[in-house]
Structures are given as C-alpha cells and as structure tokens.
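Before anything else, here is the set of structures, which you'll find just below.
What follows is a pair of complexes built around chain A, which joins chain B in one and chain C in the other.
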Partner chain A sequence: MNDIHVLLVDDEEELAKTIAERLEIRGIYCQTASDGDKALDLIKSQPPDVVVLDLLMPGIGGLEILKQIKSLERNIPIILLTGYGSNELRIEGMNLGAIDYVLKPCNLDDLIIKIQKAIKSE
Partner chain B sequence: MKGNEVEFIGKITAGVTHEVNNVLASIREISGLMNDILSMTDEKSFPRKEKFQTSLEKIQNQVHRGVKLTSQLNKFSHLSDSIKTEIDLNDSIQHLIFLTERFARIKNVSLIHQTSNKSVTLISDPLKLQMALFNCIAYLLNRISNDGEINLSQEKKGDDFFVSISYNGEIVNRETVFKDSSSVEELVSLHTILESLGGTYEFDESNNTIILKIRDKK
Partner chain C sequence: MKTSKFQEFITKYIFRIPEEGTSPERYKALRRNIIILMILVTVIPLSLMATINYYQYQKNLRDEIISPMNVVTNKTRRSFELFLEERLSTVRFIASAYSFHELSDPVILNRILSVLKREFDGFVDLGLISSKGKLLCYAGPYSFLDKDYSQQSWYHKVLINGRYISDVFLGYREFPHIAIAVQNLTDPDCCWILRATIDTKKFDDLIATLELDAECDAFLINQEGILQTNSKFYGKALEICQLKIPNGGQGTFVTESQDKNGRDIFIAYSYLVEPEYTLVIVKPSSLILKTWFTFRTEIFFIYLASVLIIVLLVYKITDAQVNHIKKADEKRELAFRELEHSQKLSSIGRLAAGVAHEINNPLAIINQKAGLMKDLIKNSKDFNEKSKFFELTEAIIKSTDRCSTVTHRLLGFARRMEIEYTDLSVNDVLQEVISFLEKEALHRNIKINFHLDENLPRVSSDRGQLQQVFLNILSNAFAAVTDNGNIIIRTWDEDVEKIGISIEDDGCGMSEKDLENIFEPFFTTKKGYGTGLGLPITYGIIKKMGGSINVKSKLNEGSTFTIYLLKIPKKVLDD
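Take a look at the complex of A and B:
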C-alpha cells in the first residue's frame, strides 16, 4: 500500500491529522487540508490517488470542491465523509460523481477498503 | 410549544449533535492511534501495555455508546422538520424506546418492542406521534410499581393503525389506572395530541393495555 497517496479534506484538523497518521502506520501516504483552497492547491501541485472529502465545511463547501476536482483533467476518485443530517448532500455528492461515502466517525478498516476499491475502479 | 420554538430547538440540537459527533470521532481516532503505537511496542519497554490496551478498548466502547446516543438524538431533532411524512411504526417505536429507556430503567422496568416482520407505514406527524407514545409510557411509569415490562406493539387493521402499550407487572391502584380521566395531565395531553393526528385512545383493562388508534394522513 506504500504507493497509495490520499488527500483527506476536513476542517476538523485534529481529526484529519490523526486519521492521516493512522493511515500512514498502515502504509498509506496521507496529506490533509482543512479547507477547500488548500485542498485544491494540493490537488494541483501533488495530485493524490484518492480524495476523502468532508461535505460540511466552512468557506468553499464540500460539493463545490467536488465539482472543481471533477472539472480537472485527471479523474481523481472522491470518497465523501459525511455526518448526521447530511443525507441530501451525500446524494447530491454521489450524483456529482463521488465514488463512495463513509459516515463519521468512520471505521478505519472500512475507509482503507474503500480507498483501495476506489483506486482499483480507476 | 409553538411551531417555531420546536423548530428552533430542533435546529440547535441537530447542530450540537453534529459537533459532538466530531468530538467523538476525534477521541476514537486519537485512542485508536494510541493503540496502534502500543501495538508496535514490546512488553519489555512498556510493562503495563496490556492494562493500557484494555483501557483504550474501554474508551472505544464509550465512544461507540456516545455515537449511538448522539445519532439517535440527532434523528430526534429532525422530527420537527416535517408535520406530514412517511413513518414506519417499527422504526418510530424503536427510536422512542431508545430515547426513553433511561426513564424506565430508573423504575427497573424494561421497554420491549414487539417488532413486526413487515413494515407498518403511514403518513403522519412524526413528532406528535412520538409525543403520544411517550405520554403513554410516562403515564404507565408514573403509576406502576417497580419492575416488570412495558410492551409496545403495532399493527394495521383496515385503514387504521394501532399501537398497544401494555404493562405486565404489579399495579397498585389498578382500578384507577385503566380508567379515562380528564383530571390526569398525561391523558389530557394525550387526547389533544391524538386529536390533532386524527386518532383516539382507549384502555383495555383486562390486559393492562392502552391502545392508540392513529389515522393515516394520506
């Protein structure tokens, strides 16, 4: 799994960094971004294999980030990270081209399986 | 309570449960990371490793419990989103039991849901329906002795939907409990709620049961 590169976008920085550290222990290189601008900059400079994207964020919301990632030349699979009461957003996100979703708090093993599936589907 | 006040409480509760969920997610991942690091450490360099791992497991279990509670509370906060929506009585009763279990546990009473295999769905006001069911549970809990079970079941007969709430334990003043009275607060409230749902209630004294009849608002 050493060659997998994930970008985790979540405004909960503590949470995102801890998940990233746990993924790295399991051999997945994971960068984090706490807002849409940082995420889009990272995607352009170091395109990841998969983006794990929180939908409810201040500033550029998750759906807008999703649209912008989808408009890029390279097709990067996106897994949505959703919380309570985000069903409509999640459906919209899936309709906009997200490949899968996980509910917060996510099970790390499930997330890894979904990341691997997303890469295979590409 | 006025509609906009209920909506206000619902929105604030939904927002806070969302935040609490993020806190729980962070605790889960941080304790998970601690466990990951411990797993890479040998016993010699960490003499109380096993004790730490057991403690981390307990943190994870409490997080799991917290997530379940906040998710059910979040679901509850959204009951006021609509006054007319499709409701599965199985889910609705299960949800209410989860939220009210604590009240029953104080009296050492178990709330038991007799689920039906097929879904029993109707169009109604989800918040008022929960309030009606809660009133019945509260009415019984306030009048029964400690111990025993309150059983809730649902069925559809023709165009009407029925929920039965029965108690199988000891009742001190049995003759007054299963008699309708306009001086009992819970029953007045129950009557008002059910009226707005197009429903009624009745007592089945021989079976220690309150039966709610609810109309489908299709």
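Take a look at the complex of A and C:
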C-alpha cells in the first residue's frame, strides 16, 4: 500500500492529522489540507491518488472545493466525508462527481477499503 | 342605569360562562344558559297567550251569563206587573160598571165574585167599604161584615191615591194574599171603596214558569226586604229576606255576591213600579260557570302539558347541541395539542441537530485519537500494562461509538427527510425487520407470533422509514418482555382507506403516567441506555405519512401499539 497517496481535506486539523498518522501507520501516505486553497495547491504540486474531502467546512465549503478539483481535470477520485444529517449535501456531492462517501466519525478500516476501491475503479 | 345594572346581574350570575377550556363547569353553564334562554323565549309568549285567552274568555262568558239573566228577570217582572195591572183593571172596571146599590146587594156581589173566580185566577173575596171605612157588603168565604178598616193605613192610601195594591199579608184569612182596593169617584153622591183579595199562589205559579234549577232561587221582596213569596234558601213568605238586595231604583241589574252559606252567586233583580216589589233571581256561580271551570281546567292542563313538552324538548335539544359543541371543542383541543406537540418535536429536533453536529467533530477526534493510541500500542513492544492500555483505548472507542449512535439518531430525528413513496407490502417489511432481531429472539427464547393478513393490500410508503418505525416498536417490545416472552404481530385491512398493524407484547407494560409521555422526546423508561428518541421519531414518521399511532398498556400485563397507514397517502394522491 506504500504507493498510495491520499490528500485529506478537513478544517478540523487535529482530526485530519490523527487520521493521516493512522493511515501512515497502515502504509498509506496521507497529506492534509485545512482549506480549499491549500488543497488545490497540493493537488497541483503533488497530485494524490485519492482526495478525501470534508463537505462541511467554513469558507468556500466542500462542494465548491469539489467543483474546483473537478475543474482541474486531473481525474482524481474524490471520497466525501459527511456528517450523518447532511444527506442533501452528500447527494449533491455525488452528483458533482464524488466516487463514494464515508460518514463521520469514520471507521478507519472502512475508509481504507473505500480508498482502495476508488483507486481500483480508476 | 337600572337597565345596565340588570344586564350586569344577568351576565354576572346567570349567563356567566367560564372562559376557554373544556372543563365540565363550562358546559354545565352553557347548558344551563341555553335552557334558561330557550325556555324564557318559548314559555313567555305561551304564558301571555294563555293569560289573554283566560281573561278574554272569562269576560265573554260573563257577558253571556249576565245578559240572559237580565232578560229573564225583566220578562218575569213584566209578567208580575201585567198580572197585577190586569187584576187592578178588573177591580176598577167592576167599581166603574156597577153602582153602589148594585154592589151593596150580596147576591150581585157574589155573582160578580163567582164570575171573577171563573175568568181570572186568584180572586178570593170582594168587599164594598163605605167612605167611613166600614165593610158594607162582602162576597167570599169569610164573614167580615161590619168590619171597620178606617184605622188601617191602606184605607188612607186608597183615599189619597184612589187605588192601592198591598204587600202580601196574612190578615184574618191566615194565608198569604194581597189586597187591591179602588175608590169609586164616579158617583158624586157618595164615595166608596171596592176591595178584592187575591191569593198569592199565582205568584208562585209565575215563578215556576221560570223552570229554574234546583240550586237556583227566585222570589219577590218588598221595600223593607220582607219576602213576598217563599224562597228556597232565604226564608219563607213574610219573613225578612236573608239576602241583602239594594233598595229602590229602576231597571234590572245583575251583581255577583256571596250568600250566608258562603256560596258564590249571581243575583239579578228588577224593580216593579206598583206595588214597589223587587223581583230577585239567584243563581249559584258554580252552576253558571260550569263551562268556565271546564275551560279553565282545560286551559291549565294544556298550558302545563305545553310547558312540560317545551322543557323536555329544550332539554333534549340543548343536551344534543352542547354535546356537539363539546365534541367539536375536544377535537379542536386535540388538534391544537398535536400541533403543539409536533412544533415541540421540530424545535427540539433543530436544537438537537445543532448540538449533535457540534459534538460530532470532537467525537470524531476522540475516536481517531483513541484509534491512533490503539495502533501505537499494537505496534509497540510489550510494556508494563500494555494489555490494560489496549483495553482502555478499546473502551474509549466503544464509548465514542455509542455517542455517535446518539448523535446520529438526534440528527435523524431532526432531519427533514422527504418520504420516498414506493409500492410495498407491509407484511414483507415486518418480516425483514424481524430478521434483524431473529438472533436476539432465539437467544432469549422470545416467541414471535405472526397473524398477518395474507390478502393485505399493498400500500404506497417509504420502506426505510417503515423499517425504522417497526424496528423502534419491536426493540421496545424486546426490551419489555422477559426471556420466554411473547410478541404478537398482526396486520389487517381496516377499511377502504387504511390498513392496520399491531404489535403486542406481554412484557412489563407502562403506567398511565408513562403512557402519556412516551411520544415526548428524551422521555425514556430504559434508565441508562435509552435515548428517548425512538418513539418520537416513530410518531413523527407515521404522522408525516398521514397515518396514526396509538398505544394501550397496562403495568405488568403488556403493551399494544396499533398503527394505521393510509393505503395511498394524500401526498401521493395530490401528485
């Protein structure tokens, strides 16, 4: 799994850091970004295999970031990270081209399975 | 001023209705007020009409009674007057037709008397009296010859008036009679008086022609109130009449009075001109007013019956009306409460969603941190209490999982889910839900009995939400029953619009107080591990689908949840 590169976009830096650390323990390289700009910069400089994107974020918000990533036309699969109650957001995200979603608080093993699935489908 | 005080009194004490609410006092007051008003409105005109009728009829009847009495009395008086005038004329005729000499002859006088007796009723005797008052010649059954009348008052009256009709008297003859005397003035040489005595039996005959009832009376009295004929009730002839009759006057009168026996009577009396007698006819009121009394009794009973019918009808109608109002009020109250409840649910839901969302992120961090700790412990070499730390992190992760279940439920409760209607079989959904719980049922030996209607129509509903509804209720049933307990699931076709589903358990049941609160958010009887959201969510879903849910429960006997679902929800129909 060492060759998998994930970008985790979440405004909760503490959460993002922890998940990243846990993924790395499992041999997945994970970068984190706390907002859209940073995320786009990272995608441009080091395109990841998968982007895990929190939809509920202050500022421009997850959906807008999703659109911008899609506009880069890098063909990077995007997994959404959503709260339980935001069905509409999730559906809209899926319509905009996200490949899958994980409910928060997420089970790490589920996330890894979905990351692997996403790469395979690609 | 007076009117406003009266109005104030009416509003304050009679028409006071307790303010809003559905208290029994309110309906009691309402019922009372309507009854009073309706009775007043109906009984007052009825009473007025009855009273007017009563007096009008009484007046008419009185007129009808008085005028015939008046007429009869008048006629009878005329008969008496005629009788007496006739007798007087006869005596005057004899006094004029015969000379003193002829009348002085007892043979002629007797012959005249016998003719009189034959042609006219009542003549008893005839006497010729000299100007000195001495009886010169007499024809009749007694021997009064040479009797001197000069000292008697009637003699002087004849000398003054030329004629005289006496009151009734007994005299020497010892039976009631009257005397008619006329003075002869045609003979210039001497002045003499012809006097005839007439038996008053003829008076009785005249009265008898009236054909009066046994309770009626008729008689003659003179100016002094002395009876001239026998009376049935007020004395014999020549006694003082026991009935007071106004003295003197002209014409005929009818009055109401009471006799000495306390009888109410009508008295009709008429004054004769000569002699100055008064003819009296007495009739008891009871006899005359018999029709009146009958009418009065009839009117009273008709009135009473009408009032009774009115009261009864008013009572029945008011009762029905008030019950109608009461039901409408209760319905409104119920609708209001349901609205209040759903508003409460929605505001609590929004609050809960906010809180849950805010908690979700820190919870995720705790979860991930604990996960990381677990990873690190797992990957590190053995150290003191390694397994203990491993267990502790496991416990933290489990607790955060439990917390997230609660927050997910809170969010689910608040979520404005659009119901996705699909055509489904409720029996299938129930079977699916039971399959989730099969393991627990097997483990605890809980018997689940199905009484599902095989021909249950398919309905248009949301599968996921229905699953949640049945799962919530069945989870509660599983929590309520002991091991080896029983759960019965029924479905049936209720009517054209609805199907029914019931889930019955023989578990611990609920108290009445708990029963009132089970649909309230955060109310739970499962101390420690219930969220208090299962049934409010269930309630919300069923309501959103246009169905209804109710619970019957008895402590220590079990509970039954009954759900009615619309076969085709209104929203689907509208679309």
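One rule holds in what follows: the second predicted complex is superposed on the first by the 121 of 122 C-alpha atoms of A that agree within 3 Å, B and C clash if a C-alpha of one lies under 4 Å from a C-alpha of the other, contacts with A are read in each partner's own complex, and residues count from 1 in each chain.
The working rule: a contact is a pair of C-beta atoms (placed from the backbone, for glycine too) under 8 Å apart; a residue touches a chain by one contact, two chains touch by 3 or more.
As the structure is a computational prediction, the values presented were derived from the model and not from experiment.
Asks: After the overlay on chain A, what do you see for chain B versus chain C, clash or fit?
Replies: clash
Asks: Of the two partner chains, chain B (first) and chain C (second), which one does A:Glu21 touch, if any: first, second, both, or neither?
Replies: After superposition on chain A, A:Glu21 lies in contact with both partners, chain B and chain C.
Asks: Counting only touches as set out at the top, which of chain B and chain C does A:Met94 meet: first, second, both, neither?
Replies: In the superposition, A:Met94 touches no partner, neither chain B nor chain C.
Asks: Mind working out whether A:Leu42 is in touch with chain B, chain C, both or neither, as first, second, both or neither?
Replies: neither
Asks: Considering only the touch criterion stated at the top, classify A:Glu12 as touching first (chain B), second (chain C), both, or neither.
Replies: A:Glu12: touches chain B and chain C.
Asks: Which one of 276-284, 312-320, 402-410 or 438-446 is the stretch of chain C that crashes into chain B?
Replies: Once both complexes are placed on chain A, chain C clashes with chain B in 402-410.
Asks: Show me the chain A residues, by the header's touch rule, that chain B contacts in one structure and chain C contacts in the other.
Replies: Shared contact residues on chain A (touching chain B in one complex, chain C in the other): 12, 14-15, 18-19, 21-22, 25, 83-85, 104-106, 108.
Asks: Which positions of chain B touch chain A when the two form their complex?
Replies: Residues of chain B touching chain A: 14, 17-18, 21-22, 24-26, 28-30, 32-33, 36, 40, 63, 67, 70-71, 74-75, 78.
Asks: Note which residues of chain A are touching chain B in the complex, please.
Replies: 12, 14-15, 18-19, 21-22, 25, 56, 83-85, 104-106, 108
Asks: Which residues of chain C touch chain A in the complex?
Replies: Interface residues on the chain C side: 353, 356-357, 360-361, 363-365, 367-369, 371-372, 375-376, 379, 400, 404, 407-408, 411-412, 414-415, 417.
Asks: If we count contacts the way the header does, which residues on chain A are in touch with chain C in the complex?
Replies: For chain A paired with chain C, touching residues are 12, 14-15, 18-19, 21-22, 25-26, 83-85, 87, 103-106, 108.
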